[in-house]
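Structure in structure tokens, see below.
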Amino acid sequence: MNAHSSELAVATPAGGPGAHPGTHPGAGDGADEELRAELRAVARDLLATAAGKDGGDDAQVDWALLAEAGWLGLEVPDGLDGAGVTVAETAVVCEELGRAAARAPYLGTTVLGAGALLALETTDGRDELLRALATGAPRLAVALPTGDAPLGAAGVPGTVPFRLAGSGAAARLTGRAEFVPDAAEAETLLLLALDEGGEPVVVRAVPGQPGLEVTATPVLDVSRSVGAVAAVGAPVEAGSVWRFRGDGRAGGRLLLARGALAVACDSLGAAEAMLAATVGYASVRHQFGRPIGSFQAVKHGCADMLVSVSVGRGLVTEATRALAAASSAHAAGGAGGIEEAAVIAVEVAVSRAKSYMCAAAVDVAGKAMQLHGGIGYTWESGVHRYLKRAALSRALFGSPAAHRARLARRLDADAAGRAR
Amino acid sequence: MNAHSSELAVATPAGGPGAHPGTHPGAGDGADEELRAELRAVARDLLATAAGKDGGDDAQVDWALLAEAGWLGLEVPDGLDGAGVTVAETAVVCEELGRAAARAPYLGTTVLGAGALLALETTDGRDELLRALATGAPRLAVALPTGDAPLGAAGVPGTVPFRLAGSGAAARLTGRAEFVPDAAEAETLLLLALDEGGEPVVVRAVPGQPGLEVTATPVLDVSRSVGAVAAVGAPVEAGSVWRFRGDGRAGGRLLLARGALAVACDSLGAAEAMLAATVGYASVRHQFGRPIGSFQAVKHGCADMLVSVSVGRGLVTEATRALAAASSAHAAGGAGGIEEAAVIAVEVAVSRAKSYMCAAAVDVAGKAMQLHGGIGYTWESGVHRYLKRAALSRALFGSPAAHRARLARRLDADAAGRAR
Amino acid sequence: MSVPRGDLAELRATVRGWCRAHVPADWRRAQTGVGGDEFVAFQQAWFQELRRAGYAVPHWPAEWGGGMSAAEQMVLYQELAAADAPRLVLAFVSIHHAAATLLTAGTDEQRRRHLPGILDGEIWVQGFSEPEAGSDLASLRTTARRDRRAGGDVFVVNGQKLWASGAAHADWCLLLARSDPAAPKRRGISYLLMDMRSPGLDVRPIRNALGDSHFCEIFLNDVEIPAENLVGPENAGWQVAQATLSAERGMTMLELAERLGNVGLRSLVDTCRRPDVTGRRPIDDTLVADRLAGFDTEIAGLRALCRDLVERHDAGTVGPADASVVKVYYSELLQRMTGFGAEIAGLGALAELAKPASSGWESGRWLLDFIGSWEWTIPGGTNEIQRTIIGERGLGLPREP
Amino acid sequence: MSVPRGDLAELRATVRGWCRAHVPADWRRAQTGVGGDEFVAFQQAWFQELRRAGYAVPHWPAEWGGGMSAAEQMVLYQELAAADAPRLVLAFVSIHHAAATLLTAGTDEQRRRHLPGILDGEIWVQGFSEPEAGSDLASLRTTARRDRRAGGDVFVVNGQKLWASGAAHADWCLLLARSDPAAPKRRGISYLLMDMRSPGLDVRPIRNALGDSHFCEIFLNDVEIPAENLVGPENAGWQVAQATLSAERGMTMLELAERLGNVGLRSLVDTCRRPDVTGRRPIDDTLVADRLAGFDTEIAGLRALCRDLVERHDAGTVGPADASVVKVYYSELLQRMTGFGAEIAGLGALAELAKPASSGWESGRWLLDFIGSWEWTIPGGTNEIQRTIIGERGLGLPREP
């Protein structure tokens, strides 16, 4: 099955990004949609099997399997042995990982790792890493600010977690990032830092190198791995300071948007899984001589879950399109980078998707627990795994309130623009 | 019936305020509770008849009837021909007026008018007015700030609507108050003003006097009357500037609390009426071959209404007790006035009751409209009257958000006190 | 969506230009508080204005004066909403339900008789609901007795209809009546076209919660309707109604979503940017800002839902509860938004006594809008009924026993 | 409430002083993450501490070691909550359900046998729910066959019980079992006292959403219970259970409300006053402040509801749905509050892996508390069931057909 699924997943689509300039990538294009549907079907199948395999609590997905399936290098260009597709396909995998509540270092290695590398200026080191990534070696983690801070009015640069002092062989790195996805398992770290000129750059580092400490942070959501990365005057290896294409701030902002979108996709998948499980349970569980799903209290509760999942899916789709369009533009723009308006469009769409979907997923998982009755409260039912996963996703890369605060500033600015 | 009800209502209770020092007036005292139950029964009866009498939209209650029933002078002391009971009895009338969505100038004349006069130092003019009030002449209105402003961190004095310049015969009044309850019908106005020393005082004025303008403000809630009172250098008649007993600020704050509590009581009555109407309708209206109240969607909706009405009733009762206790203390304290802690206790209890009950009443009336189906949306059903009345009550004397903001400042201050 | 995107951009520019030239300046102020006649005159004039541009019935087949693709209609409605054009309120039933009924189930003769009339401004009303048949529409009791003896072939109709919006101004009525009392309740109903000038008809306006009277009762006392006005087979009226009720293919919801997202959200933001008596702007309060951002987000979600609904209709993949999902979400979002507007506007909202006629459901007179929002959560199957539809038809949950 | 207020003030001072002297310092930290044995030991020690003060079973009759009036109990629980004393968790069923059953429906012999045992620390468990009988408790299937031949008069019990909280530590079980399979479902159930050391019993812990295992399954395989352990008449067990389930007369809800209003609200306010990484205190954000004030208000409302419930019990005027109103409100307020705490605590909440044993439902480990809150919205009749009870018994709405 793995060989088969791999084949399906990495088949280059008829129209990759850039093939239809001016269209919304991910929108309405028949060939793209077909590809994603196949990818989704394969992923769902594979994850259901993989997550069920060891019967453990954490539903760990085999690392080699992810590489074989071709999911690690989805966005890596053809020329670097990747599938050369867009973030829309990555989003499908994120959603399916959420649906299975699967444990896999996909967020660190692919969503953020590949995402960061793809946004950088081409260098041998960066290309080498991208090429390796598609085959599953090494695992990556990207140390970004993962809380609310970068969404504040001050914007990204003030909250970049690391600082570079000196340059060349004398360069030293200091800073700290918490709740970094997949940090503890990563073999290579990419650290978002400000260089001496205040420009965001990415610094490659290796766990265990002098001055650098990586610590796992155990969390209630055992299906995820997060950790803290701390550097205290850590020497930086030659050729390990990489620059974004174009404006580093824009690159950093898009990278944060990727993280937020990825957890929104995860929450969408998780919420859909909880809705499906609840509908299934309510159809078979009988009390008072009838299936509980025939009672309006349960039926209408499920209806509400469907409504919010439908709305969330729309928002996640829009955000994915916006990010895919901006990423294509970023890739196509070369050194010129990307326009501010495009970055804002991504941030608006992502803030909507993240704030709505990640809050909705907690509500849906909670409702699922309620409508499952006592069974839903058992460890065995697994509902708690989704509730905890949704809770982590809600907090990671900006709380709903922080994203809404950013949206509100935009609404105010837009209104001021209209009034002028 | 009027004579009978009047007799019941003004019967002096076994234990008026002050009779049980140290107890919560309005709480658990058998005689008091019996009196209030009788008052409530009579009021409900009388208002149902009065409001139904003219069949008009505004359910105007005959002014003479209110006087005859003895409701106008409830809190006026025995010695001044009143019933000498507490604000707990006034609260019962307010609740029943809300239940009937009746139009009556009770808020202006009795709740605020008598309330303001009772908080003042004894003067002949004040006593004369109180004595007249119990018999229904003249109608009063009290011009207070009716919006959110006085709940702000700055507190009351900064938001007192009128200013006195000069004193004695040279005294001139300037200022403006909006949405003043029953202003347009009032024959005597009591204006909250700051004197030249910055102390809150009450100024008596008469509509139509030079420099003073009273304008009715038509509102969607036709069961209420509000108006604007504006003064521009209006000469003040001799003996018309009255001082609060004790600290004027405390007197002003308690007066605002009375207003807020009165509309909370009104909202409680309105919400109970809407719940009762909905339960009644759902029990008789059939669709799909069964009473709609047998469907869980309707049944559980009604259950939620009951829960919030029950919670609101508890909060309104607590606030009434707190205000009754503080008012007794204020009355008993003579010139010494009242302790800051007691005023704060009133404000906390009133802010809770006002913010919860007035928001809940809008929700309950809205739910009533929904569960009545198309009928609920007709003018004839009268549900809209309650919705509009609840909306006005919610905004009058401070929005729920403004009251909660005041509560939050208190929570923060209390926590700071604990930490010390 | 087969229209190339380039053409859509051109259409968008054209409509935008047309709106600049034709949307009456300051119509909101002028239409605030107007009476019924003035409202009707304004609506009719605006309808003809749109008709001249080819924008009145874009969803009709080209042969009857329409011919826009779904993608083109989306652009049209987006631009009309963005320009805050007046809404077509009076013609709603005519151009949607009546036209859909005629196009789907009518005879050629019926179409030729009525579609041009609609374009010329004939107003239709829907005569479905009855006092005892609200959410449970199929239990309607108005009778239609076929009588072939009386100098012709007619249905003699008796009964009472309720919630007939616009009946006071209507020329024709889409009437559901029970023609076979013995049949199961969904099998004995016929669908008739009734001339509102027929003898035996009595229309009485019902005052609603806002004080308006667009809803009416229609009393039917031996009203004779020629048998040629039967739509579809006798006793198959329920099926005709079901097939045509959703014939607007999601486009009216899309238009409403666009209205909410344009003038609706803009007015709400403006309300929150206006300094209060203390000089503070509500939007600077994070509590208010958070709600505004929430509405912005929900509207984006609603628009996505509506576009998706239209596209599914177009692709033939629409699900049996998709429209219910949109209706529940739109109506409750409208209620939350207008309710919030009423809260922010505070006491001032109470003093706004009239809203502009021909405006949408979010006129910026927030308390009136809030009360009006129940006109969305109740009619056309209450939201309670919609949730049951979503649960049973959308999710396959078991029916009540 | 017949106790003079002066005496209550004195009691309040006494309890306050006692708490200062006896509530273990820093017990929360010490009890965080402890194992089952340590938890049991701590609970038993605290129970005996309270017993020595006369505070363990204040609601029992004086002759059995209690004797406080409702007003006095209110003061006691208010002060224990204010002092953040550990809660009696393990003894809950013993001192409430078991005692109420024995006092209301037990024989003198049963009372003499068990009430002193409870005071000495005997632990009881409730054996009501079954896999197929959750909300629909009356459909339980565990059988109790009376057998007078086997060397004595016994009930032979077979079946399976679920959600038996604390069964792993229990000495005795309150068991409902079907003794007449032919009777209507509420008429064929008997109420038995079962020794947990009986042969044929198998207790298996069930891991819950928090990873704890206080809930257990109990498998019953030909377990023999002497007929003298029958409570009330044979086949009248349902009635006994109904009569004793609410015998705590609102006092446990009052205690929970006091806990929520003391340590619960205080911890939430503290969480919101702690500066975040940027140095801002969440409470300075009006969005947060508004929610806190809302919780403060709701808690005040809950406390009023609970006091009212206790007073109605005392006055004999309690309504048939009053307890359901309190349960729905408390449980959902708890869920909202803990959910909000989890949101404010953000990523940090995920890293709190254990909460103090013997604490309340609002330990300040907000995400764990949030998940634990379903232990209030589900058991004892889900909140959906409670709303039906409120609608039907509280408001008199018609039952489902």
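By letter and in written order, the chains are A, B, C and D; residue numbering begins at 1 in each of them.
Quick note on the criterion: a contact is a pair of C-beta atoms (placed from the backbone, for glycine too) under 8 Å apart; a residue touches a chain by one contact, two chains touch by 3 or more.
Quantities reported herein were computed from a predicted structural model and do not represent experimental measurements.
Novice: Sort out for me whether B-C or B-D is joined by the greater number of C-beta contact pairs.
Specialist: B-D
Novice: Considering only mean CA positions as chain centres, point out the chain farthest from chain C.
Specialist: Greatest centre separation from chain C goes to chain D.
Novice: Any idea how many Å lie between the Cα centroids of chain A and chain B?
Specialist: About 55 Å separates the centre of chain A from that of chain B.
Novice: Using mean C-alpha positions as chain centres, tell me how far chain B is from chain D in Å, no decimals.
Specialist: 41
Novice: If you average the CA atoms of chain B and of chain C, how many Å lie between those two points?
Specialist: Averaging C-alpha atoms per chain gives centres 42 Å apart.
Novice: So how far apart, in whole Å, are chain C and chain D when each is placed at the average of its C-alpha atoms?
Specialist: Measuring from centre to centre gives 53 Å for this pair.
Novice: Would you pick out the residues of chain A that each touch at least 2 other chains?
Specialist: In chain A, the residues touching two or more other chains are 295-298, 300, 401.
Novice: Quick check on chain C: which residues sit in contact with 2+ other chains?
Specialist: 286-287, 290, 384, 387-388
Novice: Please give the residue numbers of chain D that touch chain A in the complex, ascending.
Specialist: Listed in rising order, the residues are 129, 132, 134-136, 139, 162-163, 206-211, 215, 276-278, 287, 335, 339, 342-343, 346-347, 349-353, 367-368, 370-371, 374-375, 377-379, 382-384, 387-388.
Novice: If we count contacts the way the header does, which residues on chain B are in touch with chain C in the complex?
Specialist: For chain B paired with chain C, touching residues are 146-149, 152, 178-179, 217-221, 286-288, 295, 297-298, 362, 366, 369-370, 373-374, 376-380, 383-384, 387-388, 391-392, 394-396, 399-401.
Novice: Going by the contact rule set out above, which residues of chain B touch chain A in the complex?
Specialist: Residues of chain B touching chain A: 295-297, 300.
Novice: For the complex, which residues does chain A have touching chain C?
Specialist: That would be residues 22-23, 28, 275, 279, 282-283, 290-291, 293-296, 298-300, 302-304, 306-307, 310-312, 314-315, 317-318, 349, 351-352, 355-356, 401, 403-409, 411-412, 415, 418 of chain A.
Novice: What part of chain D is in contact with chain B in the complex they form?
Specialist: 1, 5, 265-266, 269-270, 273, 283, 286, 289-290, 292-294, 296-298, 300-305, 308, 311, 321, 325, 328-329, 384, 386-388, 390-392, 394-401
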